[in-house]
């Protein structure tokens, strides 16, 4: 027994040292830009181009949700130079004093931003954020298996229309997206603070739950591709990526309107390389750089000038497709009224 | 007499099939339990060779994701971080856990012995989410205090993860080493003492060699647990200190790719090879 | 009896205090102090993230029927997973302990190896196996056990959550059981049967009591982490039914944050766990005293 353990430990130690020798992060005297961003949300080629042009190093760490990001910033995990929160999270982080005010004179390429995202309500005057990529939630579906194709939230919420697809439908595992979609279907605002309207949404969601296979924000596109689900509440860019693997998939934006998100560059307080961060934001707003990012990530860019340079297949796919006359909402932070949403959510999951 | 003998014979004849049945059932249970443990591993390895972007569908045989893996610097950095953290945390925990176990053994029969035993197991038994969150709060508050006192604010990173992992790993090491100590006789130590050895000499020359397998076993367990620790790591990690489980967690946000399978398969195969080799080496001796 | 001898010879010469020092200091800083902060927060009012005024109301808020239901569900799930682990693990450890030493070692490592793979990746592998039209259903269909249109709906059920928990924690049930069965003197069983005990009585009256520390140890190692697990219910349960781990995690991270409620939940869980462990060691000591 003793020899065995000794050998194992020795082998592990050797492996450890070998790994350490091979993998020890190269320390360089060059300035380092530390980006904290969603997984697969920027083309590594773009980082390499920036490193080359400005003779700096760039490191990338990933987070999985706005909430993860917030927990880390609240904990004072400064040391990151750039983060990419969604719109409502920009409001929250700015309110808590966790973001630095931007010197917009350092970001001349801001003029490339499309009118839709200029001076947004969640961050008036771009004081703390610069729009990066955006998307909408809608209904991803398999056109061979869902007939007629869904066109309204009713196709995802009304029991009679759901019956043929019972247990083959998924919803996002996201409180505001799910309750918001139910509210829009009922003709209310997804940012309502009216308890009666929320009560109505709760009853609808509880009825719908019997038909739902799962609430899933990460794997819903896997399930669409594999055929495990035939209809899924999901985000445009994920469905666009899934379509590259299964050509039967389509994305519908319900005619009543839907929620839109925009992820934005922001500089957390305490980030060591503020100048470099501003330089990087400006760099990503160059049309050719933005287009390269879109082609890699499959989400639409807030950069209007990039549009003509984007791969036509992406441009005509779910990422950029926005039907005329459809209404879009941002998720707004509701302060104390968040509690109302939380109660609906807890009851939906607690039952 | 004849009756009695036939009775015994009958009982013996009855027992044999019963024994065989029981043994068969036990073997069947063991085989199915191992099948249960290894079934998802087989699926994991199989789908690591899928050409599809998603790990849930088979897209034809391909080494695509292994090639991708070797070019993925984020995964490589995460692997380096994980090995570094697990290595350092398990060494620290092994040293402190072993000392703790030795110290507790010396106190056997002491008034507070039972309380100490309970205290040693607590870090194993407190839910990891509770430990993770409390450590995050602790680091935040103590960092602010440091900033106010010294004007210097540390950040979360590899160091904080190592501090946190060591805290729970000490328990595992101490429990394993204690189990080893419990089955050990004291005579050698006492003889050494009688011959005039100092406390340190006894520990170093007699006790430690005797408990060595327990120490190594505890260290290996600590290393293994640190390598796959997610919740506590999640709350205590910072810039540039992404570990493998954290990397995987953020990777699945845009769909599970077979790259994750390829990575897990490589780690598994490496550990299986290691175990097989060591068993083979042992057989030769 | 051994104790007195020790006190006469060993204890007088050994000064073991310093051996306990490094670990004690480490735990004081990185275990006790953090838990103290958590305990303090559970008595503050929720704010952004907390307001600096004292209240005991957070513990009152735990009596919300919905939360109690979630807590009860978590207890049932964790207990079910523990029971299944014990039912599989005990005979498994028994089987291991009766093999020749070399085979024992191999079997032991075989239970250790799955822990080396990323547990998230293994959970996804289970989902590939169990999902509608997944590996398992296709296999059964191919074997003719189910019809081509049958949909078993194995995944996203309470049963699949229990299965996931059993998979995560089975090795932790097997280790302590194996450790106590390995030390077990098998001649005791033969002796009992020679004295006229039936096989069942011998197992029940001799082996079970002597391996009870292993049983309880294994049960604690499975039940407690299973109680706090939030990844398995989210992935294999389809996030349809919250367990207590999900609620704690959400109150700390998701909007609206409520750190005091999360802390109160965590503290309650911790007190229950500590009580269980304390009871276990009391029990173990009494058993020891009797034996």
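In order of appearance the chains are A, B and C, and numbering begins at 1 in each one.
The criterion applied here is as follows: contacts are C-beta pairs under 8 Å (C-beta built on N, C-alpha and C of every residue); 3 or more make two chains touch, one makes a residue touch a chain.
Since this is a predicted model, take the numbers as computed values, not measurements.
K.L.:
Select, from A-C and A-B, the pair of chains that is joined by more C-beta pairs in contact.
P.N.:
A-B is joined by more C-beta pairs in contact.
K.L.:
Hey, which chain ends up farthest from subunit B, C-alpha centres compared?
P.N.:
So the chain farthest away from subunit B turns out to be A.
K.L.:
Once you find the CA centre of subunit B and the CA centre of subunit C, what distance in Å lies between them?
P.N.:
The mean C-alpha positions of subunit B and subunit C differ by 15 Å.
K.L.:
For subunit A and subunit B, what's the span in angstrom between their mean Cα positions?
P.N.:
Between these chains, centre-to-centre, one finds 35 Å.
K.L.:
Which positions in subunit C touch two or more other chains at once?
P.N.:
If we look for residues of subunit C contacting two or more partner chains, we find 105, 124, 127, 131, 252.
K.L.:
Would you give the residues of subunit B that are in contact with at least 2 other chains, written as numbers and ranges?
P.N.:
Touching at least two other chains: 55-56, 249, 252, 256, 275, 279.
K.L.:
What residues in subunit A touch two or more of the other chains?
P.N.:
As it turns out, subunit A has residues touching two or more other chains at 1, 4, 65, 68, 71, 74, 219, 223, 226, 228.
K.L.:
How about subunit C: which of its residues touch subunit A in the complex?
P.N.:
Within the complex, subunit C contacts subunit A at residues 48-49, 66-67, 69-70, 105, 124, 127, 131-134, 151, 153, 155-156, 234-235, 238-242, 246-247, 252-256.
K.L.:
In the complex, go through subunit C and note every residue touching subunit B.
P.N.:
2-3, 6-7, 9-11, 13-20, 22-24, 26-27, 30-31, 33-35, 37-38, 41, 88-89, 91-92, 94-96, 98, 102, 105-107, 109-122, 124-129, 131, 135, 167, 170-171, 179, 183, 199, 220-221, 224-225, 227-228, 230-231, 245, 248-249, 252, 262-263, 266, 269-270, 273-274, 277-278, 281-282, 285
K.L.:
Looking at the complex, which residues from subunit B come into contact with subunit A?
P.N.:
52-57, 59, 73-74, 76-77, 79-80, 83-84, 87, 136, 139-140, 143-144, 153, 155-157, 212-213, 216-217, 219-220, 223, 234-235, 238-240, 242, 247, 249-256, 270, 274-275, 277-279, 281-282, 285
K.L.:
Which positions of subunit B touch subunit C when the two form their complex?
P.N.:
Within the complex, subunit B touches subunit C at residues 18, 25-27, 29-30, 33-34, 36-41, 43-44, 47, 55-56, 95-97, 99-100, 102-104, 106-109, 114, 117-118, 121-131, 133-135, 137-138, 141, 163-164, 166-167, 170, 174, 179, 183, 186, 189-190, 193, 199, 224-225, 227-228, 230, 244-245, 248-249, 252, 256, 260-261, 263-264, 267-268, 271-272, 275, 279, 283.
K.L.:
In the complex formed with subunit B, which residues of subunit A make contact?
P.N.:
Those residues of subunit A that touch subunit B are 1-9, 11-13, 15-16, 19-20, 23-25, 34, 36, 38-40, 44, 59-65, 68, 71-72, 74-80, 217-219, 221-223, 225-226, 228, 238, 241-242, 244-245, 270.
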